[in-house]
Amino acid sequence: MATATDTTVDKAVLTEFLTRVGDNALILGHRVSEWCGHGPALEEDIALANVALDLIGQTQLWLGLAAEIEGKGRSADDLAFLRDGFDFRNLLLVERPNGDIGQTLMRQFLFDAWHLQMLNALKGSTDRRIAEIAEKASKEVAYHLERSRDLVIRLGDGTDESHHRMQAALDGLWAYTGEMFVGDAGDAALAAAGVAPHPESLKAGWDEIVAEALAEATLKKPADGYMHKGGKRGVHSEHLGFILTEMQFLQRAYPGATW
Amino acid sequence: DPVERAFQERIDAGQKIEPKEWMPEGYRKTLVRQISQHAHSEIVGQLPEGNWITRAPTLERKAILLAKVQDEAGHGLYLYCAAETLGVSRDEMYGQLHSGKAKYSSIFNYPTLTWADIGAIGWLVDGAAIMNQVPLQRCSYGPYARAMVRICKEESFHQRQGFDILMKMVKGTPQQKAMVQDALNRWWWPSLMMFGPSDGASVHSAQSMAWKIKQNSNDELRQKFVDQTVPQAEYLGLSVPDPELKWNENKGGYDFGEPDWSEFFDVIAGNGPCNAERLNARKSAWDEGAWFRDALVAHAEKADARRAARMPAE
Amino acid sequence: MATATDTTVDKAVLTEFLTRVGDNALILGHRVSEWCGHGPALEEDIALANVALDLIGQTQLWLGLAAEIEGKGRSADDLAFLRDGFDFRNLLLVERPNGDIGQTLMRQFLFDAWHLQMLNALKGSTDRRIAEIAEKASKEVAYHLERSRDLVIRLGDGTDESHHRMQAALDGLWAYTGEMFVGDAGDAALAAAGVAPHPESLKAGWDEIVAEALAEATLKKPADGYMHKGGKRGVHSEHLGFILTEMQFLQRAYPGATW
Amino acid sequence: DPVERAFQERIDAGQKIEPKEWMPEGYRKTLVRQISQHAHSEIVGQLPEGNWITRAPTLERKAILLAKVQDEAGHGLYLYCAAETLGVSRDEMYGQLHSGKAKYSSIFNYPTLTWADIGAIGWLVDGAAIMNQVPLQRCSYGPYARAMVRICKEESFHQRQGFDILMKMVKGTPQQKAMVQDALNRWWWPSLMMFGPSDGASVHSAQSMAWKIKQNSNDELRQKFVDQTVPQAEYLGLSVPDPELKWNENKGGYDFGEPDWSEFFDVIAGNGPCNAERLNARKSAWDEGAWFRDALVAHAEKADARRAARMPAE
C-alpha cells in the first residue's frame, strides 16, 4: 500500500507535475470536445464526447490536487480559466489542431499510449492521493487506448485514401512525441521519491505499443528526427492562445461571477 | 377490412405493436416520419449546445454539457434503431435529412447567443420536449415506446440541469441576470411553437390519435407547458415576454397570447436564423466523414478475406 | 453648411444610430482583417488590409462620437472591447463568415453599395459632427465600392468556376441584405430631424448599383424572398460571439490595463 | 576577362548597375537569391504579426498593426519587382518558396505567443532587419538599392511602434511587464541569429562584399545591434537573457555570449516551432487563390476579345 510522502518532495515541484498532468487532460479534452456534433458517424460522436468527458473529469482531479498542494486558495477552475498561456504546462502534442478525424485519432493514440504508461506507473506512487487518481483515470484511459489503437489500425489498413491520411497524420505529429519522454530536475526528484516515474522510463513501453500498432496498421514509423519541445516549461505554439481565448472567455469577461 | 379492424382493436385494447407484426402502411409511414424526425432533432440538437462546449464557464459545467450532448447523440441512436425496425435504414434517413426532405424540430434553428441560452434550452426546450414525449412512452408501437422511456428519464435530468444553470445566474451579477432575461425573451415563443399549431390545422392529428401514436392535442400540451413553466419563471424572478399572459381562475390555468405562426412557418420553410448553418454542419460532417466510414468497411472486408484465406489451412 | 442640431433628437436615439454605423465598420473591419497574410494574391492582401484599416479608422470616429454623446465617460475602445454581444448593433451581413475570397468580396460589395449611399446622405446631416465624419469616410468607401464592384464583375464574368462561386456567394448572402433598409421609430425621428436618411430611402439607389453590377457580372439577382434581421436591435448570429471572444480577449483578461 | 574587370571597376567607383546592363552570372544569381529571400521574408513575416490582428487590444493598436502588415506586403511587392528586373518572374519565386527551395528569414518560424511579442518583433526583429538593410541602400544594384531606401524608412517607423508597445506594457500591470520580459527571453537569441553565423563560416561573403551586395560582416552588424539594443532593454527595465553580457570598456561595446547555432541550423532545416505552419499557410493561400487568379486572367481575355470584336465595326 502506497503511503503519503508529500513532505519529501518540494511543493513547487509536485504542483508543477500535477499541473502538467492536469493541463494535458484539459487541453486534449478541449480539442476533442471541438468535434461535438461534427463526427463522421453517430457512434464516433458519442465516443469522442465520452473521451472528452473523461479527460475533463480527470482535469478536475489533477488540477484540484495541484491547487490544494499549491495552497494559495485557488481552485481547479481558477487554474483552468484564469492562468495565462505561459503558465500552462501541457505537451505541445495535445494542442495540435484536430485536422481530419484521422489526425485527431492518431494524436489520441500517440497520447493514450503514453498516458496509460504514465498512469499505470502513478498507481504505484508513494503519494496516496496521486495513486488514487491514477487508479481511477487509468481505467478510463485503458479504454481510450483500446479504442484509438483499434481505429488507427483499421484506418491505416483500410482504403488507399485512409492509409495516406493516417500516414500523413503520423508524419505530421511524430515530431511532437519526443517531449513526452524528456525529463528535467523536477522529474528526477519525483522519480527519486517514488512519486512519479522518470519520463524516460516510459519510452520503451510506448515504443512497443506504437511499433506493434503501426505495423498492424501497415503504417511506416517515421525516423526519429528533430523533436519539438516547450509545452512542459510553458513555451507553447500559437494554437494554445486561441484555445484559451475561447475556453477562458466567460471567466475573463465577468470576473468573480459564479456559474 | 377485417385485418385493419383487428389491428385497431389491439390498439384500442392497449396492446403494443411489435416490428414483425402486420400494420397498415399509413401507420408504418407515420411512425417512420415521426421517429426519424425525432431522431434528426436529437442529432441536429447537438449543434446549438455544442456551440458552447468550448466556452463553458467551469469544468463542471463543461462536463455536464458534454454529457448532455453525448446523451442526445445516444437518443438519436435509439431512435434511428427504432425506426430501422420499420424497414428504413439509417443511411436512408440521413439522406432525407441532408436533402431537406425530412424535417427536424424547428427550435434548433435558433442560435445560442449567451451561456444563459444553454440553461434556457434545458429548461424550456427540454421541458417542452418532455411534455411531448411523456405520453409517447405509451405509444402503440413497442420499440418507439420503449426508446421513449429511456429518453424521458434522461431528458428530465437535463431539464433540471438547465434550470440549475439559470438559478445560479439569476443569483449572480446584474449582467448574468440580464443574460437570463434576454434568453427567456428569445426562447419563450419558439418553445410554445414546439407543440405545433392548433390541431384544427393539422390533417394527421386525428388518425395519429386513433393509432395512439399521438395521445394529446397540441393545444392541451401547450397549455400544460405554460402552466408548469410560468411559476418557474416567477421563481427565477423573470418576466415572461407575453403581455396577454394572465392567470385564469375559471379554467385553473393561464391565458396566453398566440405565437407568431408566420415565424413558425418561415422557420419550417428554411428561413430560421440558423437553418442553413445547421444543415450544412450535418452535411459536411457526413461528407468529410465518408473516407472514414469507407475505410472501416474496407478494413472489415479485408479482415474477412484474411480469415477466409486462413480457413482451408486450419 | 450643416449646423449642429444635436439637441433636437433624443440622445439615446442618436447614440444608438452611431453605434450601428460604428459597429458595422468594426465588425466588417474585423472580418476583413482575418484575411491578413492569406489573400489569393499579394495585391489583394494589400487591398484587404487597406479596407480593414479604413474601417477600423471609421470605427474610432463613429464610436468615439457615440461615446461622447452618450456622456457616460466611456471611450470608443470601451464600446468596442467591453460591450456584450447583445449590445452590438451591426447588421447581420457584416458578421457573416469570410468563406472563400469570392464570398468576402460579394459581402463587401453588397455592403459598400449601401454604405456609400448612407455616407453620402450623412454628408448632408444637420449634425455637423456626423457630416464631417461622413465626408471623410465616404471618400474611402467610394474607393472600396469601386474595387469590390470591379472584382465582383471580373469574377462573375471570369471562368465557370468563378461564376459559380460568385453566384453561390450572392445566393447565400442575399437574405442578409434586407436588414439594411428596415427602419424603426428611431430612424424615423432621425430622418425627421434631418440627421440621417430613412433606411428605406437608400433602397432605390442600392438596387440600381447592385442590378447594374450583377448584370455586368453575368450573375442572376436572387428573388426577393425572406430577409433575416436582428443585428440592428442586438439579436445576432452565433458568429458574433466567436468574433468577440477573440477581439475582446485582452481587454477582458486584463481589466483596466492600458496598452 | 576585360568585361568582368570593367564591371568590377564600375562597382569600385561606386556606380550603380542597372537592369539592362551586362553583369556576371554569379552577380545576378546572388542578387536573385538574396532579393527573393528578402521578399519571401516580408510575405511570410506577415503571418506571426497577423496572428494578433484579431486580438489587438485597442482600436488604435489594431490600426497600427494592420498598417504595418500592409507595409510588409508592400515591401514584398517592391522586392519581387526588383528581383523581376533580373529576369525571374514572381510566380517562379513563389514556386521556389512553396517547394522549400527558397528560404525566408528563420526568425518568422518562431511563434507570437502574447501581445508583447508584437512589440518585441518591432523592437528586435525590425531593429535587426534595419541594421542589415541600411547598408543595402548603398548596394551596387540600382533597383535593389532604391527599394531599400523606401523600405528602411518604413522599418524604422515600425521599430519605434514596437518599442512604444513595450513602453506602455512595462509601465502597466505586473502581468504586462512579465509578458514583456518573457517576450525578450524568447526573441533575444533568435534576433542575434538574424545576422547569420560568423563570416568565416560563409563562402559567399567575400565575393558579395567585393560586389557591394554586402557591405559589413555579420559579426560587425551583430555587435552594432547588441550595442544599440542593450541600453534600450535597460531603459525598459528588462534583463537580457545572456549571463555573459558585459560592457567592455576597451572595445567600447558589449561582450556577449554565443547564440546556440545548433538551434539556428535546426530552424533552417525546417525544424523551427512554426516552419510547417508558415509554409502551409502560404501554400494554401496560394492554392485556394488559384481560381481567383485564373478568373482575373479569363476576364481580361474575354474583355480583350470583346474589344477586338468591336473594332472592325468602329
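In this document, chain identifiers A, B, C and D correspond to the written order of the chains, with residue numbering beginning at 1 in each.
Rule of thumb we're sticking to: a contact is a pair of C-beta atoms (placed from the backbone, for glycine too) under 8 Å apart; a residue touches a chain by one contact, two chains touch by 3 or more.
All figures in this text were calculated on a predicted structure; none of them were measured in a lab.
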{"item": "Shared interface partners, meaning chains that touch subunit A and subunit B", "value": "C"}
{"item": "Partner chains shared by subunit B and subunit C (touch criterion as defined above)", "value": "A"}
{"item": "Farthest chain (mean CA position) relative to subunit C", "value": "A"}
{"item": "Selected pair, greater C-beta contact count between C-D and A-D", "value": "C-D"}
{"item": "Whole-Å gap separating subunit B and subunit D, where each centre is the average of the chain's CA atoms", "value": "57"}
{"item": "Gap in Å, rounded to a whole number, between the CA centres of subunit D and subunit C", "value": "35"}
{"item": "Rounded Å distance between subunit A and subunit C, as computed from the means of their C-alpha atoms", "value": "43"}
{"item": "Subunit A residues counted as touching two or more neighbouring chains", "value": "84, 245-246, 249"}
{"item": "Multi-chain contact residues (two or more partners), subunit B", "value": "55, 175"}
{"item": "Touching pairs among all chains present in the structure", "value": "A-B, A-C, A-D, B-C, C-D"}
{"item": "Subunit D to subunit A touching residues, read off their complex", "value": "51, 55, 111-114, 175, 179, 182, 186, 266, 269, 271, 273-274, 276-277"}
{"item": "Interface residues, subunit C side, partner subunit B - complex", "value": "84-86, 172, 175, 225-226, 228, 230, 235-238, 240-241, 245"}
{"item": "Subunit A to subunit B touching residues, read off their complex", "value": "26, 30, 33-34, 36-46, 49-50, 52-53, 56-57, 59-60, 63, 76-77, 80-81, 100-102, 153-155, 157-159, 161-162, 165, 246-247, 249-251, 254, 256-259"}
{"item": "Residues of subunit A defined as touching subunit C within the complex", "value": "84, 242, 245-246, 248-249, 252-253, 255"}
{"item": "Subunit A contact footprint on subunit B (complex, rising order)", "value": "43, 46-47, 50, 53-63, 66-67, 69-70, 73-74, 76-77, 80, 90, 115, 165, 168-169, 172-173, 175-176, 281, 284-286, 288-296, 298-300, 302"}
